[in-house]
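One chain, chain A, appears in both complexes that follow, with chain B as partner in the first and chain C in the second.
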Partner chain A sequence: MQTCIETHGLTKRYGKKTALKDFTLEIQQGGIHAIVGSNGAGKSTLFRMLLGITTPTSGSARLLGQDSRMLAPEVRGRVGYVNEEHTLPLWMKARQITAQQKSFYPQWNQSIHDEVIGYFDVDPEQKVAGLSRGERAGLNLAMALAQAPDVLILDEPTLGLDVVARQSFLEALMFTEREANTTIIYCSHQMEEIERVADQLIVMEKGMLKNNSSPDEFVARVSYWVGDFANGLPAKNTIPGYLTHRTIDGNHHILVADQGDDFGQYLKQNGARTVARNAVNLERAVNAFLTKNHNTPDSRV
Partner chain B sequence: MTGTINIQIVTGDARPIFKQIVDGIRMEIATGNLPQGAKLPSVRGLAMQLMINANTVAKAYGELTAQGLVEPRQGLGLFVSEPRQLLSEEEQKKRLTTAVNAFVNEVAYLEFEAGDVLTEVEKALTKLQGANSASDKD
Partner chain C sequence: MFEIYKSEFLRYRKWAMLATVALLAGYGFLAKLKPFLQANEAQTAVTYMILIGGALVFGFVQMMLHRRNNHWTYLIHRPLAPHQIYTGLALAGATVIGMVIVVPWLIMVGGIDAFSETVVDMRHYGYMLFLLLCCLTSYLVGTLTALNPSKGSILLAILLLLLMHPKPQNNFLQYAPMIVAIAVLFALNLISFKPDLSTYVKRPWAIVLMAIPMSYAMTYGLALSTTIYYHLPLLIMGNHPDDHPVDGSVSYLWSLDAPQQIAYALEGSTHPRANYYIKQAELADFGYIGAREWNDLPRRSQLHTLDAQYAITDPETNSIWQFSHDDMLLVGYSQTRKEPLGAIGMRGFIDSVSRAENADRFTEIPRLAGRGFLTTQNTIYRIDFKERRLDIKHQLPEGERYITRPEIGEHYVALVTNKRTLLFDPRVLQNDYDAFEPEYEVTHPVPTEGFAYIDTYRLVDGYLFLYRGNNLFGFDQPGTVVLHAKLGGENETIFERHFSKQKHPAWIRHYMEMVSPVLHIADNAYFSALEPHRWDYLTPGEILGRSYPKEIYWIAGILMAVSAFAAFLMCRRHRLDRAQTITWVLLCAILSLPALVAFFLMNPLRPEPHEA
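Showing the complex of A and B:
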């Protein structure tokens, strides 16, 4: 299998701020890879370096087997990109934009374009300025998929779409008949979408890679414990795998990573009178990872 | 003809979607809604019905095949198998214990005598067997 994206020790500093830190990631060709991370986690910086727009401070990035700093036009032609704003020239008609894109991409597949557009109600004679946000998203997706890219990067593509447009977008993305084994990189904050679409889940936090596995395996990494501590919780930095913690009605609710059932024993040995283990869903597991280093009222106690 | 599958999936659940599909189809088979020999929807078809990634459906179908509940026929798709047990006796006991514990947890706070509860369970199980034997005939 070909490697689609490969970074080694990729680091980017802007002055004192480290946007990406020793980031090593490998994505194989094929499948839908969801990336989640708080705002400022380094997602955009990662894409900019992969696409060769920004130079790394250190480390390396490769896209479709080629060094990102020296991407040939042929390689660039195999990459699709859809951003959250769905920016298109407002004065052009849908038909004109499509014709223009088509001339850029030798692999252009008109039937894919037509199938995707079928999910939306886009009149080819309509100017972009007159299209709704959902229709623009549809037009953008239709063009991106029709260019038959090997990699398609979707940066929060459903942001601000209504329920109907969002559903059309996901259906068109997942069910349009395609020949090419496109690798889709899907950035989103919508856990419901991620649960539906993702084969792999990549979690980024503060410029670092925290997870790269299937969503199910990721959820299995996180466990949720409720303990009744007579003398308060042990110091957080001593709790193995500690992610987050809340106190509810006097009980301590703790989320930890990569701990087995023996974590219950650990809590008992450290002052818990009773211990119960709860199930977690994807959203809770992701939130636990992303809020780990955020200040909460609890963390000051 | 392809059997219609009446299952729902929910996001935000602690059970992964593929597990919800496995459980849902297993129930459809147990209740006779999917009789022996019925054809399952295609991977793509069920994925579209549930609006999820087709790979998730494929994973669930793989699990159902591994459990022996469905079997592939070359080039035709997946079909509900003849009922047979693939789980070891030990595994079956383990699953029964888990199911009983969950059930007891649900009914413990209700004001029924143990006898009433048992009668209801027996009724439900009889109904299930009835459904199965009815589907065996066609």
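Showing the complex of A and C:
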């Protein structure tokens, strides 16, 4: 299988701030790869470096086998990109923009465009400035998919969309993935979307790669324990794989990573009178991962 | 590329139309106030500010709008090479500018040409080309400022000074530098228009193209900086030569009254009548004659904004006479009868322009003066509109030419030529039939480059002439000359005083030469090539033939060496490759300190941590 995205030791610093740190990732051709991470995790920086818009401080990034800093127009033509603002020329009509995009892409697939745009109510004679956010997203996605790209990068494309528009967007996305075998890199904060569409889950935190596996494998890495501790929970830094915990009705609800069934034994040895293991869903698992090192008022003390 | 062009033009189409209409309305309003094609400094300045300044802002804003993060990704990430994208955008910008400049001007000038008797030459139409090229230059500086990470990109606006300031001797020299500047700026924009806009220009040719004009701009910046470390401290301490003239220098004369100036200029004179002249000066009427050679020598097809006078109006016949550069004739129009009045050529009045023969046409553009004078470089004509006569009022011999306009004083009319000063009785000027013969003829005691004016003291038996200048006796050789022009034509040089002191130290006087000798020579070479008749623009040979104070050579040499060494160290610090290092070291070695400043402007403050 061909590698479409490849980064090695990718690092980007803005002054003293490190946006991406020694980031190594390999994404094979095909499937929908979801990227999640809290704000400032470095997702957009990663995309910008992949597209050659930002030069890495160190390390390398390759897109469809070509160094991102020197992407040829042909390679750019094989990579679609949709950002959260759905940037389009506001002064142009939908029809004009579509015609313009069509002229750039010889592989333009009109049927995909028509199929996708069908999910949205876009008037071709309407100026972009007059389109709703959902319509603009639909137009943007239709054009990006009609380019028949090998890789499609979607940076929070459903941000600000209402439920109906989001639903249409996801359906259109899955339709394309089925029809065109496009590798889709999908960045979102919406876990239900990811749960629904992602084949692979990439978790980023503070500029570092924390996970790259299928969502199921990722969920399997996280276990959820409830324990009743007579003398309180042991110190957090002594708990192996500790992610997060909450205290509800005197019971401690603990989420840990990469621990087996013997973790229950560990809890008992450390003062738990009763221990129970519960199921965990993707959203909870991701949240636990992301909140582990997230700044909180007490963490800054 | 065409699609990008189309989309971008669509974006600004309405604005362009609005600006076109607004400009046309502005022109229409001006035409109501005064003849539209009449040169007016304030109007020209405002036009330049609005159009050329507007083009710069437009270029900057256009690219800044694209630079916004997501907009930039949308623009750049497509199967088109960046240079094609930029070309599309720039062409759209140029079309907008072209529309705003050309359409209103064509409507106005074409309308005046078609529906009035006003003289409209090709140069009036050509002015829009000048404006257009200036605006395009300015526009490209604006786009470059937005696209290039260098903090000094805006300094390339100095190119406008190089293009707009000179008054070149022909149209080729007028437009060729503009085309070159536009090509250079376009190339720099192309290389700056890259996916990652934060990366600095690294290609040696681009470094050279950008650093040279930036360094040139910096010579002015560095010259201005003397205010901080020279002028201001002296002003604060109360020792500035402007407030405390240096005794023993020419500038000291400024602090003296007119009679005292003669006394000062005659200090040390052994002339037996020196004291007599000092006393006579106290009683004399004082005046002065401008003698700085004019730098607005008109040329055929020059920009109409450079015309010294729009027309000659004769109130008696209520006629207007304008000089046509296309016909090389003075063309008349009766305001009373609303009909053409023929033309005036070198041989006199002609019934109509179409009847003019080649011998009638002037061979150079005459200056229009007052209500009835025409001046060429060696002849002054007097026009009698009523009797339709053209008389030669004064003519110089072969090889001699006027260097200033006639100076009309209380007691004399003065004509200064490249060889002599001629004083005439002012009454003769008013009399149509009297010959214009000088009462006094004084051969300049020194070349005219050495002085800017001549002080005159009217004595009972003639005039005392006082010449002064910091370069009166040659480069950096200040002095004064007192001369007695006697009634009857005899002249006597009373005293030549050489001064050893100057107002400012050598490093201030020759700051430009010191801070970058090569740029100083190049600057002068460029201007003297465009305006060879200007005495103050020197050829490289003339500059190299000068003898500067030794310290200037030393300081200039040290600055060049230090700049080159500092550039080498900075290149190492910024981990520039060999080609870039050689380029910068050579630039700094040749262009000296301004190039080193350009290095700092064209590179990040801190070395980029990129591995690659």
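Following the convention adopted for this analysis, the second predicted complex is superposed on the first by the 289 of 301 C-alpha atoms of A that agree within 3 Å, B and C clash if a C-alpha of one lies under 4 Å from a C-alpha of the other, contacts with A are read in each partner's own complex, and residues count from 1 in each chain.
Everything that follows uses one rule, which is that contacts are C-beta pairs under 8 Å (C-beta built on N, C-alpha and C of every residue); 3 or more make two chains touch, one makes a residue touch a chain.
Because the structure is a prediction, the values reported are computed rather than measured.
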First (chain B), second (chain C), both or neither touched by A:E195: first
Touched partner set for A:A230, first chain B, second chain C, both or neither: neither
Which superposed partner A:I248 touches (first chain B, second chain C, both, neither): neither
First, second, both or neither for A:G52, with chain B first and chain C second: second
A:Q100 touches, of chain B and chain C: first, second, both or neither? second
Partner chain in contact with A:N281 - chain B first, chain C second, else both or neither: first
Which superposed partner A:V163 touches (first chain B, second chain C, both, neither): neither
A:G77 touches, of chain B and chain C: first, second, both or neither? second
Which of chain B and chain C A:T87 touches, first, second, both or neither: second
Shared contact residues on chain A - chain B and chain C: none
Contact set on chain A toward chain C in their complex: 13, 48, 51-60, 69, 71, 73-74, 76-77, 79, 81, 83-85, 87-89, 91-92, 96, 100, 103-105
Footprint of chain B on chain A - complex, ascending: 31-32, 167, 170-171, 174-175, 191-192, 195-199, 215-216, 219, 279-283
Residue ranges of chain C in contact with chain A within the complex: 3, 6-7, 10-11, 69-74, 76-81, 195-196, 198-199, 609-612
Partner chain A, residues of chain B touching it in the complex: 11-14, 16-18, 44, 47-48, 51-55
